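Consider the two complexes below, in which chain A is the common component and chain B and chain C are the respective partners.
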Partner chain A sequence: MELIITSYCKIKRNTIYLEGNKIISSNSENPSYFFAEAYKTLELNYPKFHKMDMLSKLGFLATETLLSIPKAFGTEFLLRNNLNQISIILSNHSSSLDTDRIYQKSISNKDQYLPSPATFVYTLPNIVIGEIAIKHKITGENAFFVSEKFDAELLVNYTQELFKEANTNAAICGWVDYDDANYEAFIYLVEKATDSIKNANFKALNQTLLNQLFL
Partner chain B sequence: MEIFTSYHHIISPLGFNSEENYSAVLANKLGVKKINFGKLNNLFCLSVFSEENLNTVSQEINNSHLFTKLEKLSIFSIQQVLNKSAVSLTDKKTLLIYSTTKGNIDLFENQLPNLISKKRMYLSTMANEIGNYFGAVNKPLVVSNACISGLLSIIIAKRFISSGQFDNVIVCGGDLVSEFTVSGFKSFNALSVNPCKPFDAKRDGINLGEAVATILITKNKNLKTNSSMNIVNGASANDANHISGPSRNADGLVQAIQNTLKNNSEIKIDFINAHGTATPYNDEMESVAFERAALSEIPANSFKGYYGHTLGAAGVLETILSIEAARHGQIIKSAGFETSGVSGKMNVVKEYKTQTINSILKTASGFGGCNAAALFVR
Partner chain C sequence: MDALIEKLKGQIIEQLNLVEVKPADIKPDAPLFGEGLGLDSIDALELIVLLEKHYGIKIQNPADGKKIFESVRTMAEFIKSNGKD
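And then the complex of A and B:
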């Protein structure tokens, strides 16, 4: 079975790249402002976005870039794959540590002891998977891996195994890391190379390609 | 290809190996106790290690001053499985998967011991320290997927063996009870002040517990033990409904169970080890899922009444106890359960009984809308 990457998105240093092309760029050094600007530019109109922590916002923006620009591509991706057969496999280095620090601050002072359930729920890295799943009603397999660096071998092997098991027909995969205002997201879509989509300019999924696209 | 469970080990406040832990639950001993915890001047019902427990563990580890509490417990547990199986992490075909939600989260609260850097709060750094202790040649892989982490790690282990990349996977799950998690679950009003009562009409929340559990997953027939069970299949699925509340119609768990049982209809399930956290919504959702999946008559239990919710350890811990129950042909009663308080029909086990168990369905669900199921057969 041949697997192909049908689209990919990268977010780093105040810039969003879709398939290598810069589509949104900002002078804002503050990630909160940049994410808010990007949300506006992408015309996402999804108020839940504002409640998310930074890790979820980052993963959400990258996925929405893939599925909303151009809208036709995202719509097709979601239509040609059953929503219960789309898997979401993400990874990062910092888990939810950035939000953990914010939550910890809220409980470190006994006189201003204000633990918030709305913050606590984001102290798990897989919540970003939940946010993406909820937006598009995607109910397939989930996994969140934590590794020192982007691990192309891990992601390729695991994705291939999932497709072999037949409950997976497409996957949203990649890296989404947010740590103390440093951030990087690389999300790509994997599908089977069927006749109908084979002839387009898609790339076969393999480690070398992933490492190239990640850079 | 047959991929099966092999040697295993549990360290918890109820015992220092799998046998002690199994005997404890068979004798209806509860790890959860009402205690004062941390700076929060409140009584909580928790299952935590004593200082004495930790000292015993430290004595078994070389240079124990170089390791955090969770690292020591994990090294202790992994060591037992490596010793018994003679599998080595220096082998290129052996992988360590570490399942955790919060890792060394206690480093936020406690003064950092000498020689331990704040970097150890990064889960991969922590896992590398554990791997390095055993000379691991492959970087350990961390799975952090909320409360399904442990069961999902076992399913992932099977997939990596099935792909040919590895022959053996050591799955270690561990989490601590910390002010971080206690205050967080309290802010959700999700903590019970009494021993928790999964699936019961009077259930009013979870207890938190700490434990580390390790299990070897392998395809090497020489590593078959008298408790080994084949991992026939496993699956995860997302509710796509809410990040902190389970789906009312249990769609995600139903999908995970159906994908697990698909193509295995000839296997009669003898026993279900459910997630059963004892929150009103979670247990209700699970009961709906079991009824929808036509599993209402099968004896089911939750181990949370004994250990509390051990987060990243739970799936591994509960799988080990379930396969030990199968080996002994015993059904362990669901601690804390008297009268059903869920709308879906379930056969929650109230009394210990002797029964042949050839197959087990294990399930888990967690924040982020995630669900997992796996089928084990003797």
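And then the complex of A and C:
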């Protein structure tokens, strides 16, 4: 069974790239402003976005870029695959540390002890997977790995196992890292290389390719 | 009461991060949950925090929440009845 990457998106340094092409860029150095600008430009119309923590906003924007840009191959991804057979496998370095700190600060003042439930729910890194899954009603397998650096071997092996062992026919995979206004996202779509979607431009999923695309 | 309702609208928008909602969009008698603003269970907890933070009111019986948070008006009435407006 050959697995191929049918589309990929990167977000870093105030810029969103779709398959290597710059599609949104901002002069704003503030990630909050940049994410809000991108949300507007992509015309996402999903008010819950504003309630998400920065890690979830980042992963959500990268995924929405893949799935919603008109004429991009990814826009048909959800139609080509059964929602209960789409897995989401993400990873990062900082876990949910950025939000953990915000929450920790909110509970450190014992005289004004009013912790925010809306912040607390984001003190786990895999919540970003939930946000993506909820938006698109995806109900397949999911996993979130925390590692020192981008681990192409882990992602490739785990994805291949899911396609072999679990009820997986497609996957949204990658790296979503956010901490203290430093961020980077690399999300890619994996599908089986069937005749209907096979195309000379699609490349086989392997560690070398992933490391090249991540750079 | 009207002044309290208007104040509450602003506080709800801020507390719940309703970035795309304006005070005028919130009708005093419209349901806060389900239809209307479409709030969820986490928002309900945030509204409890709002009452404590801005009005010093703690809801003693969680079962009362459904009635208190029915609309902005019921919230305002609850605050008034606790003498905290």
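We take it that the second predicted complex is superposed on the first by the 208 of 215 C-alpha atoms of A that agree within 3 Å, B and C clash if a C-alpha of one lies under 4 Å from a C-alpha of the other, contacts with A are read in each partner's own complex, and residues count from 1 in each chain.
Everything that follows uses one rule, which is that a contact is a pair of C-beta atoms (placed from the backbone, for glycine too) under 8 Å apart; a residue touches a chain by one contact, two chains touch by 3 or more.
The structure presented is a predicted model; accordingly, all values stated were derived computationally and were not measured.
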Practice task
May I ask you to decide whether A:Phe202 touches chain B, chain C, both, or neither, giving the answer as first, second, both or neither?
Solution key: neither
Fill in the blank from the handout: Comparing chain B and chain C in the superposed model, the one touching more of chain A is B
Practice task
Mind working out whether A:Phe145 is in touch with chain B, chain C, both or neither, as first, second, both or neither?
Solution key: first
Practice task
Answer with first, second, both or neither: which of chain B and chain C does A:Pro117 touch in the superposed model?
Solution key: both
Problem - Partner chain(s) touched by A:Ser95 [first = chain B, second = chain C, both, neither] - result: first
Exercise for the section: Check the residue A:Pro47 against both partner chains and state whether it touches chain B (first), chain C (second), both, or neither. Expected result: second
Exercise for the section: May I ask you to decide whether A:Gly130 touches chain B, chain C, both, or neither, giving the answer as first, second, both or neither? Expected result: first
Practice task
Quick one: classify A:Phe214 as touching chain B (first), chain C (second), both or neither.
Solution key: neither
Completion exercise
Overlap of chain B and chain C contacts on chain A, residues 115-117, 121
Practice task
Sort out for me which residues of chain A touch chain C in the complex.
Solution key: 47, 50-51, 114-118, 121
Exercise for the section: Going by the contact rule at the top, pick out the chain C residues touching chain A in the complex. Expected result: 16-21, 42-43, 45-46, 49, 52-53
Fill in the blank from the handout: Given the complex, residues on chain B that touch chain A span 39, 101-103, 105, 108, 121-125, 127-128, 139, 141-146, 152, 156, 159-160, 162-163, 165, 179-180, 183-188, 235-244, 251-252, 255, 259, 366-370
Problem - Contacting residues of chain A [partner chain B, same complex] - result: 83-84, 88, 93-95, 97, 100, 103-104, 107-108, 110, 113, 115-117, 120-121, 123-127, 129-131, 133-134, 136-148, 154, 157-158, 160-162, 164-165, 167
